[in-house]
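Each of the next two complexes has chain A plus one other chain: chain B in the first, chain C in the second.
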Partner chain A sequence: MGSAMNYIWDFSAVWRNGGMLLDGFANTALLTATCLVLALPLGLLLALMRLSNARPLRFLGLAYVNFFRAAPALVLIVWFYFAFPVIIGVEMNAFEASILAIGLQSAAYMAEVFRGGMQAIRRGQWEAARAIGLSSADTIRFVILPQAVRQMIPVFLIRFAELVKATTLAGVIAYGETVYMANELSTQTYRPLETFTAIALLFFVLIFGITSFSKLLEKRLIAGR
Partner chain B sequence: MDVLRIEGLRKSFGPVEVLKGIDLTVKKGETVVLLGSSGSGKSTLLRCVNFLETPDGGTITHNGVTIGRKSHNKTIYTPSELKAVRSQVGMVFQQFNLFPHLTVEGNVMLGLTRVRKMSQNAARKRALECLDRVGLADKAQAYPLSLSGGQQQRVAIARAVAMQPSMVLFDEPTSALDPELVGEVLNAMRQLAEDGTTMIIVTHELGFAYNVANCVVFLHEGRVHEKGAPHEVLVNPKTERMREFLASHTLFRIPEQVAAE
Partner chain C sequence: MNYTWDFTSILTYRHLLYQGIGGTLLLSGVSVATAMAIGLIMCLLRTAPSKAASLPAAAFVVFFRNIPFIVQLFWLFYAIPVLTGLQAKPFIAAYLALSLYGGAYFTEIFRAGLQGVEKGQWEAAKAIGLGYSSTLKQVIVPQAIRRVVPPLTTQVIELIKLTTVASSIAYAELLYAGKLVADQDFRPLEAYTTVAILLILLLSIVSMIGAWCESRLKIEAR
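After this line comes the complex of A and B, so read on.
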């Protein structure tokens, strides 16, 4: 107990090397954004497959979603980085392996958000669209998605927050994201408590900001209905 | 020519056979009213006409073209064929089913631009004409949820009519409306009938059936139980079932009107 009381917090080393953490943060942002660019369209495609009338497409979509939801992100990252090159003979750097692992998994989560949102649209909307002769593609594009996306935005934001956190796992294959940089910094400065406290606060502000915004939007959307 | 010919139509939901062989012919300009108690299959029959439900047997012929291709003992319907049928058959639903994210005008225009491939300007012009026919041209820029139920249903009618279909189906169009809003929708429908629109209507508005329909079809347990001109079928029903059905609609007072004439 005495030693805990005697610890003297000193954040000056963190401040002096703030640039390193900032670089890490920039890399986190880059990885998150790239994963999102992969996960959103792929998620929509998977959702459409799961809603399709064609049984093979439905099965493929379901198999994909089940596989990637069940696999731990950390395992996927390690697997894509080390096993993928062995199997198909393509070398990947840490950034590329992380995009694949985290982005493909995120697509599975996004698919379920899209699917849930589209299925929540009343059957009458699908029928009215079909009854005027719209094709399936036009029905989804002009009638279902515009309504569904509105309702989905809050859930998307929560998934986005989770995606930001998931990218910190890319540190295990030495991708220079925030947590990896923090680790580097703490071994250089012998100030792990201060370093990790600082990035904990950084993440808290970011994630809390996103989820609060999502709650606010959700209230607005419910009120606007 | 017959706009619609239905022969031996059968449809089951699981073990329940809802339609047990329906024959029905609708001529150009006719208004046909389908009557029947709940579960008699009248909505299912209507929804088979534009293939929102897929028939299990029998044939449906639109304007001389029989839909579907027989293969062994099954009938195959291609998506493009069904799309073509649906673009030729308008439908008005009990719950209106307007697209809430589009304006009134946008609702009417969507089928015109995407299915009929009309330009924005031509589609807008047609939409405004059709909205004018149902008395709602001034609501073109409004959103559906800001309108009353009666207004929404009239927009739905405009949306169906704008496609210039060969026939319009009405599935209990006034059942979801407050009583004071029923009249405006029935008036719009009567106007369509007088303009020569071919219509099939599922409704419980017997007064409307009496005054507007050319033909009344009474369905019972998945079959056409009684059929004929409204002043015969509704006034002198031949069958016990039809008499019971009419008696259960206590608001129906046509025999007294007839007596007064």
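After this line comes the complex of A and C, so read on.
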């Protein structure tokens, strides 16, 4: 028990090497943004498939969403890094494998956000659009999506926070994001506890910020109804 | 595309995978149980009328849900030796991290379940002279359980999925076993595909158990 009292916290090594952690955060941001660029359009496409009248499309969309939501994120990352290149015969770096694994999984979650948002729009809106002669593509584009997106934003932000969390797993295959850099810094400075305390606080501020903003918007949406 | 799949190395080293399955089941089992216990206690504190009880519980939830799991895992892994003077065992660190992280999510699920029961139920129980604990036990909880099972199943599955992250501190669960097998014969495709299939099978079983509980608890089914 004595050692707990005797431990002297020393953040100076973390401050001195703060640049490494900043590099890590830049890579976290880059990976998050790239995954989002993949996940948003794919998620919308999957949601439209799931809401489509064509049975094969509905089935494919459902199978995709169920599979990627069932698979553990880290297993996907490791699989895309070590196993997938064997099938396609092309080497993949840690960044590319992480984009595929996290981006494709995030698309499955985003699909459910889009689908939930569009289904929440009252039936009358579909019927009214039809009555004035809009095609179903135009109905989605001009009537349903503009209303759905507004309602989706709070849930989308929660999913975005989950995406940021998921990118921290890319460090396991040596992509230089924040956790990977923190491990590197720890071995250099022998101050793992301080290093991980620092990045835990940074992540907390970021993710808590996002989830709080989501709650605020949700309250406003309910109040505005 | 000319690759020929060859699962003989998987069969040769299957004992490693068996150990991996054992590791995953053990870590999942104890972590889920502990996380639920933490969730129940924190939920009671969180919903207590006294601010001295509810504020720390609220802080617990906010803290553990808003930091990436792997960061908490590494933090604990490094903090255990400092706090106890003992060498950190991967299992202990993973177990603690999963229990705390899961506990924060379970707290909110239980709370939503309790608060989802109409206010009138409390008032009616009070009117017929039930005390706080008997109201909770005989009126509120039986109704809350029904609402809680679906999100609870989802969260148990999320927690089992997170056990794979323990491989990063060299705890011998399934993903770690897959890495060992892949390194033996340089057959990563077969090794990691097998691991993925085994994990998805395990998670499907959990999901079926959840669905079974849900159908058992339905009022119409009785």
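By our rule, the second predicted complex is superposed on the first by the 225 of 225 C-alpha atoms of A that agree within 3 Å, B and C clash if a C-alpha of one lies under 4 Å from a C-alpha of the other, contacts with A are read in each partner's own complex, and residues count from 1 in each chain.
The rule we apply is simple: a contact is a pair of C-beta atoms (placed from the backbone, for glycine too) under 8 Å apart; a residue touches a chain by one contact, two chains touch by 3 or more.
Nothing here was measured: the structure is a model prediction, and the numbers come from that model.
Asker: Taking the superposition on A as described, I'd like to know which of chain B and chain C A:Ala182 touches: first, second, both or neither.
Answerer: Touch partner of A:Ala182: chain C, not chain B.
Asker: Taking the superposition as given, does A:Pro146 touch the first partner, chain B, the second, chain C, both, or neither?
Answerer: After superposing on A, A:Pro146 lies in contact with chain B but is clear of chain C.
Asker: Based on the superposed arrangement, let me know which partner A:Gln125 touches: chain B (first), chain C (second), both, or neither?
Answerer: In the superposed model, A:Gln125 contacts chain B only, not chain C.
Asker: Given the touch rule stated above, what does A:Ala54 touch, chain B (first), chain C (second), both, or neither?
Answerer: It touches nothing on chain B or chain C.
Asker: In the three-chain superposition, say which chain, chain B or chain C, touches more residues of chain A.
Answerer: The partner that reaches more residues of chain A in the superposed model: C.
Asker: Counting only touches as set out at the top, which of chain B and chain C does A:Gly133 meet: first, second, both, neither?
Answerer: Only chain B is touched by A:Gly133; chain C is not.
Asker: Touching A:Ile8 in the superposition: chain B (first), chain C (second), both, neither?
Answerer: So A:Ile8 meets neither chain B nor chain C here.
Asker: Using the touch definition up top, name the residues of chain B that touch chain A in the complex.
Answerer: Chain B reaches chain A through residues 50, 52, 79, 83-84, 86-91, 93, 95, 97-101, 110-111, 114-115, 159-160, 163.
Asker: Quick one: in the complex, what on chain C touches chain A?
Answerer: Per the touch definition, chain C meets chain A at residues 1, 3, 62-63, 65-72, 74-75, 78-79, 82-85, 157, 161-162, 164-165, 167-168, 175, 178-179, 182, 188-189, 191-193, 195-196, 199-200, 203-204.
Asker: List the residues on chain A that touch chain B in their complex, please.
Answerer: Residues of chain A touching chain B: 122, 124-125, 127-136, 138, 142-143, 146-147, 150.
Asker: Using the touch rule from the top, collect the residues of chain A that touch chain C in their complex.
Answerer: Residues 1-4, 7, 67, 70-76, 78-79, 82-84, 86-87, 89, 161, 164-165, 168-169, 171-172, 179, 182-183, 186, 192-193, 196-197, 199-200, 203-204, 207-208, 211 of chain A touch chain C in their complex.
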